[in-house]
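Labels run A, B, C, D and E following the written order; every chain starts at residue 1.
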Amino acid sequence: MSVQRSTIIFAWILLLPAVLYVTVIVAYPLVDTFILSFTDASLKKTTKWVGWANYDKIFNETFAEVIFRTFIWTFFSVSIKMIIGVFGATMLNAAVPGRALFRLLTMPPWIVPMAIGIFMWGWMYNGQFGMISGVLQNWGLIDGPIAFLARGETAFWATIVTDVWIGVPLVTLYMLAAMQAIPQDLYEAAWTDGAGRFYRFRRITLPLLVPSLITMSMLSLIATFNSFDIIWILTQGGPNGETTTMIIDTYRTAIGSKKYGEGAARAVLICIFLSIFCFAYFRVTSRLSSGEQK
Amino acid sequence: ADQEISWIYCGDTMDAVHAKYIKQWEEKNPGWKVTPEVVGWAQCQDKATTLAAAGTPVAMAYVGSRTLKEFAQNDLIVPVPMTDEEKKSYYPNIVDTVTFDDNQWGVPIAFSTKALYWNKDLFKQAGLDPEKPPKTWAEEIEFAKAIKEKTGIAGYGLPAKTFDNTMHQFMHWVYTNNGKVIDGDKIVIDSPEVLAALQAYKDITPYSVEGATAYEQNEVRAIFLDGKVGMIQGGSGAAVRLKDTKVNWGVAPLPLGPSAKGEGTLLITDSLAIFKGSGVEEKATEFAKFITSPGPQGEYELQGAAGLTPLRPSPMVDEFVKKDPYWQPFIDGIAFGGPEPLFTDYKGFQNVIIAMVQSVVTGKAEPADALKKAAADLEEYK
Amino acid sequence: MGQLNLNTVQKFYGTFEVLKGIQLEVRNGEFVVFVGPSGCGKSTLLRMIAGLDETSSGDIVIDGKRVNDLPPVKRGIAMVFQSYALYPHMSVFENIAFPLRVENMPEEKLKAKVEHAARILHLDQRLQQKPGMLSGGQRQRVAIGRAIVREPKIFLFDEPLSNLDAALRADMRIELAKLHRQLRATMIYVTHDQVEAMTMADRIVVLNAGEIAQTGAPLELYHKPANIFVAGFIGNPKMNFLPVTCKGVSDAGVEVDYKGKTVVVPVRPHDGLVGRTLTLGVRPEHILLGAGDLLLTVTPTVIERLGAHTVAYAAISGEGENYCAMLPGTVAIRPEEQVLTGIRAADCHLFDEAGIALERRVELTDIDMGLLDPAGA
Amino acid sequence: MSQPALINRYRWYELVAIYAGIFVFLAFILAPFVEGFLVSLKPLGLLFSSPYKFWPENGSFAAYRTMWDSVPGFARYIFNSFFISTIVTAIVLILVIPAAYAFARFKFRGSGALLGAFLAVNMFSGAVLLIPLFRLMRSFGVLNTYLAMIMPGVAFLIPSAIWLLRTYMMRIPRELDEAAFVDGASHFYTLRRVILPIAMPGITVVAITTFIGAYAQQFIYALTFNSKSEYMPLPVGLFAYFGRQEVIWNELMAASFVGIAPAVVVIFLLQRYLVSGLTAGAVKQ
Amino acid sequence: MGQLNLNTVQKFYGTFEVLKGIQLEVRNGEFVVFVGPSGCGKSTLLRMIAGLDETSSGDIVIDGKRVNDLPPVKRGIAMVFQSYALYPHMSVFENIAFPLRVENMPEEKLKAKVEHAARILHLDQRLQQKPGMLSGGQRQRVAIGRAIVREPKIFLFDEPLSNLDAALRADMRIELAKLHRQLRATMIYVTHDQVEAMTMADRIVVLNAGEIAQTGAPLELYHKPANIFVAGFIGNPKMNFLPVTCKGVSDAGVEVDYKGKTVVVPVRPHDGLVGRTLTLGVRPEHILLGAGDLLLTVTPTVIERLGAHTVAYAAISGEGENYCAMLPGTVAIRPEEQVLTGIRAADCHLFDEAGIALERRVELTDIDMGLLDPAGA
């Protein structure tokens, strides 16, 4: 008994600093946000309790559109990140000369301050002076300049591409690590049985990456759902609000219009959505790990 | 020790003129110290607001005058009443930009107006008279069309990005057609004058730079500097830059709409707001008045490249305009100009106008419908 | 149909010569075991035969065709890895079916084949499980199943039993031997466990530091090891070695002296032995109590009683070496109590100074006529 | 040079395909940097000129010189970022190593929920929590100090660091702890003498990711919680290139490249550990 | 000084009873081995003695003191883990010194102790190396060294040799036995390899599914297994079992019938046996060729020639079971050729329907006087 109890006490001693720290710094503002979501807090000096009014107000037609858009945006961004990440990892995992250098070269988007990376993309998307439109024109692929951020559809994809770009290095790195953890003898066995490179990739690499893919998608999903800077700097949610996601909407309400109460309600909603995702994730992974082994 | 007047100062560095006069003021007011905090343009206003909202306001901040009503209504700032004499010293209509409830809530420190720039070479190429800028919207649209069709180059630079300036640009059109957005507490945007402006936007879009919704004014200006657009609405800063280019340009008052009473423009001012609760409100007010008094202010605004328009008429200004005649249209517009409309939720108002403009420019809505919707949406923010 | 030749096969890692010109012929249907201590190059050789590693020089010939440049699948081999290399995400069925799926075999034929293999290996009940749910022995059988369905000409096994516990290992040994008889395919099997080698092989190839120390039938290696290395490696417990001096050579054999006691070992002598220091080898199981041609009094230090027999270890005074005897299970000896042990001259092995064995005058055919001809077994 | 193993030997067309794949991938990753670099080389006046020319006319490295004059404190900003990140990384490690160990080793009621709660921290983005955080920093009296930027930075970097390190530590055989325990070592002694040294590769990875996270990001806290320009980190410094009316693009880009150089050097020196550390632990289930 | 009592020790994992009331006394200085099949609870029991796992009920008493609530170090035990659990970042010296560092022993004394332990284990030359550079056997000795320096009253070993290869395992067995005699400490050793158990133990505790199946000296278990489980588990190859019918009971023993052939097995009968189906057990090493009280003609299917002896497996017609014989090394039998085998009645074991052995009329003291009293060994 005492051995057990002292172990648990020790575990808590180890956890305490981190728990305390996060509680003080984050939990307090979180609770504050939660409480705020039931008030009409704004620039006014006094606030009053408004119950569910903020939540009621949120649920209108535009907001449904925003939610839908957020999901689509997140879905595409995360899936493309995963696809490119796996593609990149596969390429970088190939035993070809120079791969150490190539691996190094994938890191920059991760290191550069996010805003700068986004500015660089802003340049690329510029219709008159930017690289993409310019190069396409020089090659004669398009007639006149194309401003990628001018139209809803192109702006939507442009923001996704930038988000993917920022997220890809880390995904690639994790996927590379996961690939290297697959025992070499599995490939040798398959090769001995006549399986070609692509066949091995499809039947061995991919299935064995699934657990890592799920974990990565989860972490990526949280970050992407909350991805703010990219859309804000590139389009501020425009044009016609066609790149407005929940986090943009929240920011515009809370920080832009100083409707702290309504903004907080939106933040709480984001958290609820993400919690549902996480819960589903834990379900899926525990099912997976019970089916397989080591 | 010294009492401090904290000042959120927008920009990248402290202007030399301001630095000089801060020192002068401190010498005259022993025991007081002005501590400016330089914050980039993109964030300075939000920072001042956040500090105030969190309950630790700075003494004084550089803010867009459009936010004054919001601050005042939420009891964050103190009024800075002007004597009649002071009011008179400004160009007409300028005091209106900081006036709400018959009181002044800020001291104007920076001012900008717009005029029309045109590219004479492109006019020539399009078979137009290069020395004759458009006088009316109809001409403007016609010339734009001609340029686009004859040269393949865009005739007009219409900025419609999701950006505060998109609203400003549109307000120039509203004020050159004698329109109004809000009258006291009444939303009057749903008027024929404003509808005409919106219709003109729709009409000129096909001859504008491709992808108007991707550009804000500086980007459109850059295109003009590159010689790739026939006409733009711009501030005085463009002229300074144009001098370094090969572009053959001219500047004229903004073209007028059908209902215009005279030359008009949107009068944008930035002000020094004195925040409530800093404990040094009085002294801050005193300093604000000093730093914007004709002497220091005149020296500050006439440096040229900043693109400011002078706040007050003065012999200095006349001399200045004589030297650089392109200044004339910027000052001429002031007489019939209007202030930025004051709303309780300024950002809310701005978003509504941007949404309205973009929906028309991108063809998602007809001007009349867009206007109706905007009118309804604005009710929430008045 | 499963005949393998290695012609002076060499392998370098950098400048390190792992395999030093291996020359070997494996007959069709033969069960050949490579044994040798850890690091001697067994796996390397096997992987080269499989086509997983390249040869640095020399030829690998299968059924008369040089295969050096062919990928594994074209060599007609199948390999069972030491780690089994089962695909953890596939069921047992899919694991076994993998090679057939690669060839795009029609579903029906594939199913029949997999089920046939599963029956042979008693895996019928497990086909839907994942490898993670199987015991070690079952996993091993899945790995073999995967090799079987391909119907290769040559099976390659790399220490397939080393992960299993003693009991399972014994069972699997028998099953593999049965399988060999059933399939009649050529099998090449790597192990460092000499018991496995002895029990399963038609022919054993003993490798030492990249060279073939000896090739021969198990009992040939047991009774006529070519050198000290093979003598020490084959047989458990290990052969005892005593330093002796050659006294004389006669028709009857070589007379040697060990601490003043002489014995004539019936081996074929060669010239110039007299006076040299030789090594006398005797297996623990050939040490008798109280009888023999060479008698030694020793004090056992450790006595292991295994029931069926008793293994006693003694340190011979003077030598630091262990002297080990395998005695009947019920023998009445105790630690630290002197006993008189004896060795029969006919059981002795004799090695010259270079460690090369002098040929024993023992006819293997006396033991079992069939043993020297594995094909007849 | 040893040749690649046979299984990894490629045919010429496979090699072409792989290099083409790598090229496409790296093109995507690096194109914006190329654009940024080209911008940094162009004189401001020629930045906005069409038609598009890939190679800048009159390209020069002038911006790399003038940037130091335009924003005189830039070196200081770089130092601040480096300093803040180093401190943040140190604090994160101090907090996270014991916590990750506890999560990796001890099962107690609520441990799973607690771990989930840590993840939940990342679900709220910092921007939303700005005002409550500001009040908190004020009540701690740390506004306008390095601490104002360090404290929230640490909090938001803790969760992912715990996740990463926990998975790594779960791979250290439990017997190592048990052996120490049997020999009478206290839990703390075990952590310090046994676990810590063995987990070093994992800790390195966590340290790198945390450092990078702290180095370039966390812009919003710096801006709101600190008013002293001498404490400002790199991103704020970069925003100083946004003038009154005009962004000095070429210098901004030049400054960005200069600014990330220290982090690039860190990554360059440690990238070996990055992949191997991740391989040994991290995402693998 | 190293005396251990387990009083009805139970262990539950959830509702699953892993250990079902273990009652055991271990004398001071005794070498006790726990054997049993995988999953029977050996490790769990050992870890409970060590204090790594909690007991669900029952007392663990060391030297008369209940230690259930004491941490391992206070129990005076040291444990050697199956994986050795060496600290990879510390040198061999530091690994061995670890327990002493924990107690803050002065540097000089510590050094002396570590070096003493290293000498005993022949690790003197390796003290500055890291575990990664050592061979399996050396690592194992480091792990033991770490246990020795603490001078514990009781050593606990959890399958310490299972990672080693056959040759090394044999060497280490001997070294451990020597160490035991040198230190005279109580040792408790877990293994599932019955050879290890037989060779090292003063006393073996056979565990089966959480219960003690039998406790006794190795040869007692070999010659007088208490039940079928122990009979099958102890001895390699495994004992053969034949279903027989009891014909009659007499002073001489029990007369049983196997396929019409009868034999009188000299065991102590109990009532009501006549007519029942019993199990006759006979060890492979007791099967003779052509002689014996019960003769059976079988056809060997697999023959393993180990040199020293030959192991033959046959399927007895009718039964699916293997029938295994361990014959002399040079025996002349061949697969698929019938041979006549015989069993002596005195070698037989007989088990009733419940699997309980009928006591054999064999005096263990006939084998070796000292064997029943390990203390005297």
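Rule of thumb we're sticking to: a contact is a pair of C-beta atoms (placed from the backbone, for glycine too) under 8 Å apart; a residue touches a chain by one contact, two chains touch by 3 or more.
These numbers come from a predicted model, not from an experiment.
Path length between chain A and chain B in the chain contact graph, taken as the least number of steps between touching chains: 1. With contact taken as defined at the outset, chain B and chain D are each touched by A. Between the contact lists of chain C and chain D, the overlap consists of A, E. Highest C-beta contact pair count among chain pairs: A-D. Inter-chain centre distance (chain A to chain E, centres taken as mean C-alpha positions): 57 Å. Centres computed as Cα averages put chain C at a distance of 27 Å from chain E. Centre-to-centre, using mean CA coordinates, chain B is 94 Å away from chain E.
Within chain E, the positions touching two or more other chains are listed as 51, 71.
For chain B, the set of residues touching two or more other chains reads 50, 53, 222-223, 226, 228. Residue numbers of chain A whose C-beta contacts span two or more other chains: 128-129, 145, 188, 191, 255, 260. Those residues of chain D whose C-beta lies close enough to touch chain B in the complex are 45, 47-50, 70-71, 130-131, 134-135, 138, 143, 223-224, 227, 229, 236, 239-247.
Listing the residues of chain D that touch chain A in their complex gives 4-5, 7-8, 10, 14-15, 18-19, 21-22, 25-26, 28-36, 39, 47-54, 94-96, 98-99, 101-103, 105-106, 108, 111, 114, 116, 118-125, 127-133, 135-136, 151-152, 154-156, 158-160, 162-163, 187-188, 191, 209, 212, 215-217, 219, 234-235, 238-239, 249, 252-253, 256, 259-260, 263-264, 267-268, 271, 274-275, 278-279, 282-285.
Within the complex formed with chain C, the chain D residues making contact are 2-3, 5-7. Across the interface of their complex, chain D is touched by residues 11-13, 37-43, 47, 50-51, 53-56, 218, 222-223, 225-226, 228, 237, 244-245, 306-307 of chain B. By the touch criterion stated above, chain C contacts chain A in their complex at residues 50-52, 71-73, 77-79, 81, 83, 85, 87-90, 98-99, 101-103, 130-133, 146, 150.
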